[in-house]
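Each chain gets a letter, A, B, C and D, in the order it is written, and its residues are counted from 1.
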Amino acid sequence: MSRKQKPISSDIAWSTKDRIEVRGKSLPDEILGHFNLGDLAYLQLTGKTPTQAESNVFNAIIIALVEHGITPSALAARMTYAGAPESLQAAVAAGLCGLGTVFVGSMEGAAKMLYEVLPADAGDVDLDAIAKQTVADHRARKQIISGLGHPLHKPVDPRTPRLFAIAEENGIAGRYVELMGKIQAEAEAASGKQLPINATGAIGAICCEFGFPGHIVRGFGVMARAIGLVGHIMEESENPMAIELWQRVEDEATAHIRPE
Amino acid sequence: MSRKQKPISSDIAWSTKDRIEVRGKSLPDEILGHFNLGDLAYLQLTGKTPTQAESNVFNAIIIALVEHGITPSALAARMTYAGAPESLQAAVAAGLCGLGTVFVGSMEGAAKMLYEVLPADAGDVDLDAIAKQTVADHRARKQIISGLGHPLHKPVDPRTPRLFAIAEENGIAGRYVELMGKIQAEAEAASGKQLPINATGAIGAICCEFGFPGHIVRGFGVMARAIGLVGHIMEESENPMAIELWQRVEDEATAHIRPE
Amino acid sequence: MSRKQKPISSDIAWSTKDRIEVRGKSLPDEILGHFNLGDLAYLQLTGKTPTQAESNVFNAIIIALVEHGITPSALAARMTYAGAPESLQAAVAAGLCGLGTVFVGSMEGAAKMLYEVLPADAGDVDLDAIAKQTVADHRARKQIISGLGHPLHKPVDPRTPRLFAIAEENGIAGRYVELMGKIQAEAEAASGKQLPINATGAIGAICCEFGFPGHIVRGFGVMARAIGLVGHIMEESENPMAIELWQRVEDEATAHIRPE
Amino acid sequence: MSRKQKPISSDIAWSTKDRIEVRGKSLPDEILGHFNLGDLAYLQLTGKTPTQAESNVFNAIIIALVEHGITPSALAARMTYAGAPESLQAAVAAGLCGLGTVFVGSMEGAAKMLYEVLPADAGDVDLDAIAKQTVADHRARKQIISGLGHPLHKPVDPRTPRLFAIAEENGIAGRYVELMGKIQAEAEAASGKQLPINATGAIGAICCEFGFPGHIVRGFGVMARAIGLVGHIMEESENPMAIELWQRVEDEATAHIRPE
């Protein structure tokens, strides 16, 4: 075959015998001891060192995604650990596999919706009109609005006002946060239902303020949850529930066809 | 079946309509805006808030694990993303699956070895004698010593002196760090080869100073690398290499059996 | 909380002290020694034992999906195995994670497209008109047609005529296979390009003849490829390429930023 | 860097414009329509076409591994599907990640134990003495014997006599099957407990009769279970249990710390 090779390259990191650089900084001399983990994540993902304000807000949104209780994702990780305790990494991987459109994807959905109705380079626009149109369009398509509604936290998701306050205090809150609020008010008025901005909606809006591309947003949830899952696996190793749950499920689920 | 159910429980987090607590702290009021990501990871995994000294050292060891260049793990993630760009979480999961005994496991191996030869409750012991014995035992079993040696970073892995210095400055360095150094010196003398303490060896030793259980140590690498992998996937989405590599491999690997 | 539990159930299998049934059949007495693996897969997925004709066609389409050379999926599995050889299952899992919309999803896309333009209960319809309309619609949306085109196998994917012949010989080929052919002819005429029905297009059409739901189709690819990946991991354990590829990539990809 | 590249190669498959070969056979002409899935798996993994007797036994042992009810692995897959229904492949991957030392690994353990105490090239040996010694060694190390014992199927795992009968009828049963029986009898006598040869023990012994390398054996379980998991995900899509289980667990597990 006469296929011509194309070059490949990566700008993230390099190392030689005595040096290691990540994103243009010496890992031993400029990163270790100088960054906290959230700031290093910001550097790894964006190539930039966050300002103090950016650091405050970014750490808060990632932290809000670490631990959401015994989620299906945590259960998948615990079930996996029960079968392969020697492969902790595979248990975390199993838990991450389910962070798709249903749970963490709403964050990505909110960010993409906001960018679509309010492009980053939009000039002077009427946010009320945009909110009205957005809600009307979703209702016409019988589509739920990403980032609104929560099965438990009603009428307010307690994380949302706090995240917005942190964004505000640090000068990061702007038109996207404002627009998300207007969309929520409009959606509640139009539907007559309680539709709080949930944590993923708040984070989606704040991500737009940062200007993060829509598809990176799910990645924030994935890396945060990896930390949470390691915590669940540690607890499972000391106070297991997976085997007990398995046996309960097996007993109940097949009782209708299992002869006694 | 008359199987009796056993209770299940988790102490990590709970939520009600208007409250969310993680590790005994209110997520909105006591965590968001008060913790950086590294400290929250420490809380999630240990149940404790780190002191400033613990925070400094813990953030440094996790950060040292985030980004190790275009590793096999990063390549697995990039290959996966090329086939399923809509499932970023699955690409991270694929990348994590390979963090086993060969690459990240050496950290766990180092910690377990150190605990074995120097139990946490050991009284006054002769570290030189322990180091000598440890090296002799490994040589007798023809077993490599976890945490020593590096294919590229010789005679010194530049991360190691920096990590040990950070541990020292923060009062965390103790007998395990000292013992690791003695084991290295003894191993180099016995083998006549350059065997630097690599980053995973340094981190393994520092984890022993914290008293972290051996099996948690791999978890640190897994959660850190999840952050690194999101960075690689972001770059792959903008500057891809997976498809090009695939085609090169396919061409080369089957040339010997493929008719022209 | 006063949440009321809903019942859960599964109809796939049950076991007691001395009996095991899968899909209503005794595993020891009616399945082992009586089924081949393809037929058992059909039973597991559909709840029905295939006729001989169904068995012939079903085995052929699954087999066509097992091995596609050194794909990105195979490379992800090999890279993972290099890092965690003790977790073969995690290496297969990593390889499967990438079977998404780009590679195996085209099969699902083809089946869903065919069902959409020709519902299973459609009466007497004009297949030529449907093909014309389908191609026109895709061209208007600038959307590629799932199941058409192949980078290498042109003007014919050699698997397609063979799979269609097997379906034909076994009385399974019908309107969906015919329609797929008409769509291809129309697409080639409209675009002036060679657009062979590729293997996933052929399999998608045959799946519609069976009446398999669209979302099961990707599952066929996933289970088939699991077999293929075990083969690649076996070869990697004897004749490895992962570490060599990694080192080549690292060298090349960072040469532009790495000091000499 | 002056690193010299090493060649890479794969012998599994190749393709050109109009030909595709797998393991030296034309996929369209010699495989599709000529192989069933089990036989193709045998070809993919061993490079050889099975004889009829080998086909009978190989299909039986793989089929015995496909479906084991609502296992932790099936629950991990269902939990993952609940969060990411658009990524069926990731749900299967999550389910596979847990096929480690606890559940499927016992098969690998049994095969490795048998090869160790009875190498393939062993001449005329006393199987009774080997069985006695093997049990004594395990008891001295307080180690359980892989492939013996089952929590439910007592005193006999109904799959085992059937699998051994199929091996016998096809002329595959030999010294390894005989030795496994002797080890079981000896272990029951020594312990005074019912220790049936479970399915993974039976399969491990039969794999030794084939001469399969020990590390391939887990791969059989992994590929078989991939088929089973697709069946569970299909059922979950029609009759879900994951969300209900999650809510039950969350309610129960945090009741002790959740204020209400």
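By definition in this document, contacts are C-beta pairs under 8 Å (C-beta built on N, C-alpha and C of every residue); 3 or more make two chains touch, one makes a residue touch a chain.
The structure presented is a predicted model; accordingly, all values stated were derived computationally and were not measured.
A.B. asks: Per the definition at the top, count C-beta pairs in contact and tell me whether B-C or A-C has more.
C.D. replies: Between A-C and B-C, contacts are more numerous in B-C.
A.B. asks: Using Cα averages as centroids, what's the distance between subunit A and subunit B in whole Å?
C.D. replies: 23
A.B. asks: How many angstrom between the C-alpha centroids of subunit C and subunit B?
C.D. replies: About 36 Å, centre to centre.
A.B. asks: How many angstrom lie between the centres of subunit A and subunit C, each centre taken as the mean Cα position?
C.D. replies: 30
A.B. asks: Residues touching two or more other chains, restricted to subunit C: which are they?
C.D. replies: Each of 8-11, 13-16, 19, 69-70, 84, 86-87, 89-90, 93-94, 97-100, 104, 241, 245, 249, 253-254 in subunit C touches at least two other chains.
A.B. asks: What kind of graph do the touching chains make: line, ring, star, complete, other?
C.D. replies: Graph shape here is complete: every pair of chains touches.
A.B. asks: Under the definition above, what is the set of subunit A residues touching subunit D in their complex?
C.D. replies: 69-73, 75-77, 79-87, 90-91, 93-95, 97-105, 241-243, 245-246, 249-250, 253-254
A.B. asks: Given the complex with subunit D, which residues does subunit B contribute to the contact?
C.D. replies: These residues of subunit B touch subunit D: 7-11, 13-16, 19, 21, 84, 86-87, 89-90, 93-94, 97, 249, 252-259.
A.B. asks: If we count contacts the way the header does, which residues on subunit A are in touch with subunit B in the complex?
C.D. replies: By the definition above, subunit A touches subunit B via 1, 3, 5-6, 8-20, 22, 27-29, 31-33, 35-41, 44-45, 55-56, 59-60, 62-64, 66-70, 87-90, 92-94, 96-100, 104, 152-154, 156, 158-159, 161-163, 165-166, 215-216, 218-224, 226-235, 237, 239, 241, 244-245, 247-248, 251.
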